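Next up: some structures, all given as structure tokens.
In the two assemblies presented below, subunit A is common to both, partnered first by subunit B and then by subunit C.
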Partner chain A sequence: MKELIEDCPGKRALFLGNEAIARGALEAGLGVAASYPGTPASEILESLALVASEANLYTEWSVNEKVAMEVAAAASFAGIRSLAAMKQNGLHVGSDFLLHLALSGVRAGMVLVFAEDPGAHSSVNEADSRYFSKMLELPLFELSDVESAKEVIKLAFEISEAFKIPVLVRSVTRLSHASGVVELGPLPKPRRNAVFRHEGFILDPDLGAMISAPVPLKRMLLQEKLAGLKARFEEFPLNRYFGPDKPETLLVASSVAVLYAFEAIERLSAWDKAGLLALTTTYPLPEGLLKAHLKAPGRVFIVEEGVSFLEQSLKAFVAEHHGELGQKRFLGKDEGTLPGVGELNVDVVAEALAGALGLSYEPVPKAYASKAAEATLMHAPQRELAFCPGCPHRASFFSVAKALALDGRGGFVCGDIGCYTLAMLPAGFQVIKTLHAMGSGTGLGSGFGKLGRFGFDQRTLSVMGDSTFFHTGLPALINAVHNRSDLLLVILDNQGTAMTGFQPHPGLAFDAEGKGAMAVDIEGVCLAIGAKVFVADPFELQETERLLLGMMGEKGEGVRVLILKQPCALSPQRKGKGAYEVAVDEAVCLGEACGCNRFCTRVFRCPALFWDKNAKKARVDDVLCAGCGVCAQICPSGAIQKKELVWAA
Partner chain B sequence: MGQNSLKANVWDAGLCTGCGACVGLCPYQGFWEDDVRQVFSCSLSNDEGRCSAYCPRWNLRLSEIYGPPSNKGGSTPELGRIRGYRLARASDPMLRAKAQHGGTLSVLLAMALAQGFADVAVVAGKKESLAMTPALVSSPKEVISYAGSTLFVSPTVSGYHAARKAGFKRIGVVATPCQAQALAKIRSVSERFEDHPGDALSIVLGVFCGWTLSLRPFKERLKELGVGRLVAMDIPAGKGTLEILGDSGLAELPFDGFEPMIREACAFCLDTTAELADISVGSARTNEPWEEMRTWNQVLIRSERGEAFFSQAVELGVLEVREAPRGALEALKTAARAKKQKAIRALRQKTGPGPKLGYLDIQDPFLPKFLEAIETEGGSHEGAH
Partner chain C sequence: MGGIGLEKDPWNVILTGVGGQGNVFASRMLAKMLAAKGLWVTIGETFGATQRGGSVMSHVRVSVDRRLLSPQIPKGAADWVVALEPLEALRVLEGFGSPEVRMVLNDRPVYPMGVIAGEMDYPTQEALRADLDALSKEAFWLDLTGIAKALGSPALASTAILGAFVAKSGLSLTKEDAFLALKDSIPEKKLASNLEAFEAGRLAAGA
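Showing the complex of A and B:
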């Protein structure tokens, strides 16, 4: 994406939301960026890494979000503007550091972007992390559209540097992954000289040590900064009002809900009755601006995704200024005008607003809706979430499911975060029975592994991926080893952070910018910790099953780790080349007469295997097949046959 | 009847003997340690499923597996068909030393392979973990390495399936009573399947069996006892003890402690002497002193084929025979009847009032006669079969 570093002020370019964020940081003179991959935030660092050498940046995929924040903070302490980017969970992972960073403060501008996922499209939570701003007393900006996102990021850097405070910026999927036109600004070429000054008085923000103590004094300083920010936000250019001077109903919105609210008023032609206050700075709130707009309307409708963060703030504000502002009726999430969960969209907001204003609104004509549903049923194949053809996880979980069933003690899998999360579904034989945060499967496994004394006899297998191993899996594993837990861990090593797009992790020999890096050997680390380690190829089903059963057999033998190594089917290192040409020999496949009850298509369920309704036999879809050859091992008749392919070097 | 009802009515109901008849036919169930497990759920519920058709603990028709009553060879309700009753042992003392008791079974098996009674034999093989797994033996020389029995179940019948899959047409099987029942049931339903799965069964060498132990609790007990690697185990006659030979030497422990480990399914077993085999072999638990008798086997010769086969072994001089002590057969009958009576009581208790009687097919015309013969104290009803 060459436009990302094009120094051509005034030019208009189409950017992904995350690219607009990256461009904003570049226009602000960014020096260091760190991140841990996570949808919908990943493209921020990916874009910056692509232009790192040209723009003289240092970018890295950090081991986890906490470390990413720390790497970015170090740059700020040394006078280099920095950015840390992450998905919503990341803010929670790094919050301990952030709690202290709020008190120590920063020096060069430091911006922390967290991209949230309302509706949980690519998450197993629907976190709204905005309360961290109040909890930690840190300013919060919410991005509402691609074009202004770039400007907000620039302002965030300026404000961070001026107030020596890290600034939190919230994006969401619909912004990070939407594209919009952005007008390029000038790209500065800052001369950088990194020095960390620490010789001054402890409370000196420029020369003192960067420490959160003495806590009461540092908190007083932090609160002074907040008071200053409040005043500054009165004039913040991206807090905007649209509508009549004295609307009956005031909509207050933040994030992408600003667009939904604007569009809703537009569709209802209600600009005579309703106004929209679009806020970027949702903490601390600009009080003067609020007072000016809250006086007239009798009704305030807060439009936001996540929890009722803004709604609660406004209610408190109005209560506090009751004498001046009078009685208001509040609409929003709390009393149910808007749904409490999931994403908003224009229709949801317009229907809610229509109800409030006594107007009627039909989002989609009923005749159209039923026609569309019919067409979808007819033309779109019904598919559930599945592992890709050739995915090593299908093979791994096939063996895991078999081993758990054969063991017969009600065993289950403690799942973790990655593509392999799908093993909670039929795609992975529904073996995952616990699923929480990154690394939690191993922490839970460590705990289950100590319940033997209370009669716990079930076998638990924890699974995690290679990237998760480094992220937060390692402390849990060490915990289990130290405490002699009966932990059985399967590391699904597909050699990359596959789910988010093959970002490197510490186990690989290259870094975010594609340069050589130290590869940390997972097997070596496990051995060094004192775990018993086995390594296998998950495509070898029998051997994998044998090892799993062996691990599960004896109790009280301490931590055993099985590393199942096989690169992801979509991994760039495979270059799309399968190892085998796979086909069903129609003469051997017995079809319905086999008695296998369509094992390959009904149980194994690789999307490349399908049931030919006419021939009444199983077949391989050549277009989808990745050539892993695993299905040849599962056919009881030996009808699925594989032929080794030789690829020219 | 499909896998799911087999699971509900046999595996989960504590009726599964672990014979292995349903294992290795399809990818939906497997055998691990000493249990059959549902690996994936099979939604088929047609009558053609082999898993339920072969299962000796599902709809077992005694009349079908025993075949029509025959005048040749006395048929007894306690012991099944009997053409001959002998004590026997391997003539070779070296072989006897390696085998558990008299080594008769090893001799017969080696001869079956050497004389072409079978191209391959399925036997219970031991794994490191104590669990048993069927082994295919095709050379008479290999036989002795499988001598000696443990008290755990082996999915031997799945070895028969494997041998068929490997293309063997004449397969001999060393079978416990439940395994012999399964093989007989496979023969009885053979015509239902295009590939006639019973046709490849050439000879069944039966092993007496009173019960088997559950592997997991037994392994835990061994661990507690510090036995190390288990080499052999035996139950000396009349002592109420279990002999365990391990790395650290021989231990003789009161059997009481092991009784709770007896597999639940064994309580419902009607057969002690592998009645459906061609020849059945057991240890010689007679009234004679055990130290002398432990080097002999009791042998029940059942079929015509078995008779010819046994005579050949004696003629070849590989087996020594002697007449059984007086009253030994009666003692065996009494023990077998007691077991049958106990099993029927257990089945009645399990299934409760009503015509249903566990795994026995109540439509079986032979069943009332059989029950009457067993439950009537005393008299042996010759020719009841």
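Showing the complex of A and C:
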């Protein structure tokens, strides 16, 4: 990504939203960036790490988001501008630190970007974390489009440094993963000298210790900063108004909803009736600006994704100033003009606005829409999510499902966050029965494993990936070991943070910038904690199943850990290098006469193994097959055959 | 419009296919070629879990001077659908098609898991053609995977389809534009075959 560090002011470049965020930070003189991978935030640190040596940065994939915030804050304390980036979950993970950072304050500009996922495209939650700003008394910016995102990030750094306060910046999937044209600004080449000053008076923001106490005094200082920010946001260039001077209806929007509201007004040709106030600074709110725009309209339509955050703030504001502003009618999420869940888009907003303005919105002729819906229903089978060909998780869960069935005591798996979350679906034989936050599977497993005194005798397994082990899995595991919980933990070690694009984690011998790093050995850690540890190759189905059944047979033996080691099929080290050439011997496959009822394609569900309807036999797609050889072990007739391949080193 | 043959402003194109076919790559390459001509371009897409064998879609929007465009195209507003997998074109039409939409399609199916497992049926090409003809103004079918395979790799279909789309939509973009868009984003050893695929796609579409 050469353009990310091109010092060519005025040039236009096509950037991913996350790259625009990274470029904004670079134009602001960034020195340190830390993150934990998570969709849709990963490309922020990924792109910065690629240019780290050329731009003289320190970048890291931290063990989790709380530590990422701490690493970034340390840089700020020492006078280096810093960025922490994460998906929405990360803000929740790190919120304890942030609670205290708000009080201690920062020194050099520190910006915390959290990229949320309305509609849960790549999440198992739909968090709107904007209330953290009010809870922690920290300023909040919401990015609306790729082009202005870069400018907002630059302003966020300036404001953070001027007010010595961390600034929260909210992105969303539709911005982070959208691309747009960005005009490059100058790239500074700051001379950096990191020093942490701590010898001064405790309340001295530049020379005192960075501590959240004395709490009442630090909170007073924090609230003074907020009052100053409120005034500063009156002039904030990216709080924008579009439309007539005195609209009947005012739309107030933030984040990408700004784009939806703008285009909805346009599609309805309603610029004569409606105006749009597009806010970037949604906490604290610029009160003068609000007053100026709220006076004329009788109706205020708040367009936002997530919870009713801006809407509640505006209602409170209008109530407080009702003498000046008069009676308003509010539309938004609270009374159902907009849906309470899921993503917005131009059509959802246009339909709602059309209803409010008494217009009609019919973007597609009705006859066309029903014809298209019918054709899709009749002819377009859904694409269910599946593990990739050669994925070790399919093999691991195949053995887990089989062992649970053979054990026959109603056992189940407490799931966790990663590709292996798909084991709640047929792709992974639906063995996952609980699914919450990172590391929670083993925390729950630890709890289930202590219910024996109440008659609980179901086998409890938890699973986690290698990156999750370090992120938050470890404290849960220690808890289970210490309390002698009757738990069986299966670590699915595929040697990388696979789901988000193979970012390294502490178990690997290289870092974010590709340099050598200390590899922390998962097996050694588990042994040191005092767990009983077994290691196996999940592609060896019989051995894995034997180990699982043995471990499940022991009772009251404390924590047993099975590490299933096999690199991800898409990992750079593995891709395109199968161990076997696999094929179905048509002379041996009995097809529908077999009695297995298409066991290989119906149950095992590898995309490379398909049922040939004409031949009525199974077949291997040699373009898709990754050559793991696992399916050769499951055919009751032995019709799937593998031949070992030899690769030059 | 824009000196390059935009039929409309904003001009809306949806590229679709199945995760792993190169949809994201193709949309980025198209957007880069257009941005290099001084146009404002946005791409809207999601990636992550959806890559695992799921349907994927990239929305490319182009304008001479318009900023503040939603990264997702509104209902019924797609001008073109470019499909690396033909069934995905049908899915796109349900949300974004109109009687005016035109399409360039790769005729090679990628079967959903349910079809692979023998539980569901993939439509016959005749049935799919009838649906798509009824729901579009024009639909151009090409064997782009075949062209790509002949050039050394089925993955080249994503570049070939761009060539075909450029020819059919009348954009004045050449192999030279493709070269400029690709040279910094793919390894040098893949450059020549991708440019060949772009050109082969153009020729197959009658350029």
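The rule we apply is simple: the second predicted complex is superposed on the first by the 632 of 649 C-alpha atoms of A that agree within 3 Å, B and C clash if a C-alpha of one lies under 4 Å from a C-alpha of the other, contacts with A are read in each partner's own complex, and residues count from 1 in each chain.
The rule is simple: a contact is a pair of C-beta atoms (placed from the backbone, for glycine too) under 8 Å apart; a residue touches a chain by one contact, two chains touch by 3 or more.
In this text the structure is predicted, and so the values were computed from the model without any measurement.
J.: Given the superposition on subunit A, are subunit B and subunit C in a clash or a fit?
T.: After superposition on subunit A, which the two structures share, subunit B sits beside subunit C with no clash.
J.: Between subunit B (first) and subunit C (second), which, if any, makes contact with A:Arg383: first, second, both or neither?
T.: So A:Arg383 only meets subunit C here.
J.: Look at A:Val582 in the shared chain and tell me whether it touches subunit B only, subunit C only, both, or neither; answer first, second, both or neither.
T.: In the superposition, A:Val582 touches no partner, neither subunit B nor subunit C.
J.: Among the partners subunit B and subunit C, which is in contact with a greater number of residues of subunit A?
T.: C
J.: In the overlay of the two complexes, what angle sits at the CA centre of subunit A between those of subunit B and subunit C, given in steps of 10 degrees?
T.: About 100 degrees between subunit B and subunit C, seen from subunit A.
J.: Figure out whether A:Pro636 sits in contact with subunit B (first) or subunit C (second), or with both, or with neither.
T.: In the superposition, A:Pro636 contacts subunit B only.
J.: By the touch definition at the top of the document, which applies to A:Leu285: first (subunit B), second (subunit C), both, or neither?
T.: Neither partner.
J.: Could you say whether A:Leu609 touches subunit B, subunit C, both of them, or neither, answering first, second, both or neither?
T.: second
J.: Just subunit B (first), just subunit C (second), both, or neither: which does A:Val71 touch?
T.: Neither partner.
J.: Now for A:Leu98: first (subunit B), second (subunit C), both, or neither, which partner does it touch?
T.: Neither partner.
J.: Let me test your reading of the model: by the given contact rule, A:Val181 touches which partner, first (subunit B), second (subunit C), both or neither?
T.: second
J.: Please provide the least distance in Å between a C-alpha atom of subunit B and a C-alpha atom of subunit C in the combined superposition.
T.: 12
J.: Determine where on subunit A the residues touched by subunit B overlap those touched by subunit C, and list them.
T.: Correct list for subunit A: 602.
J.: In the complex, go through subunit A and note every residue touching subunit B.
T.: 401-402, 405-408, 429, 549, 553, 595-597, 599, 602-603, 634, 636
J.: Okay, in this complex, where on subunit A does subunit C touch?
T.: Per the touch definition, subunit A meets subunit C at residues 2-3, 12-14, 39-40, 121-122, 145-147, 173-175, 177-181, 256, 258-260, 262-263, 267, 345-347, 350, 363-365, 368, 371-373, 375-376, 378-388, 419, 422, 427, 499-500, 598, 601-602, 605, 607, 609-611, 613, 623.
J.: Show me the residue ranges of subunit B that touch subunit A in the complex, using the header's touch definition.
T.: Residue list for subunit B touching subunit A: 25-28, 30-32, 35, 37-40, 42-44, 48-50, 129.
J.: If we count contacts the way the header does, which residues on subunit C are in touch with subunit A in the complex?
T.: 18, 28, 31-32, 35, 38, 40-50, 52-55, 67-72, 74-77, 87, 90-91, 93-94, 97-99, 111-123, 127-128, 131, 134-135, 154, 184
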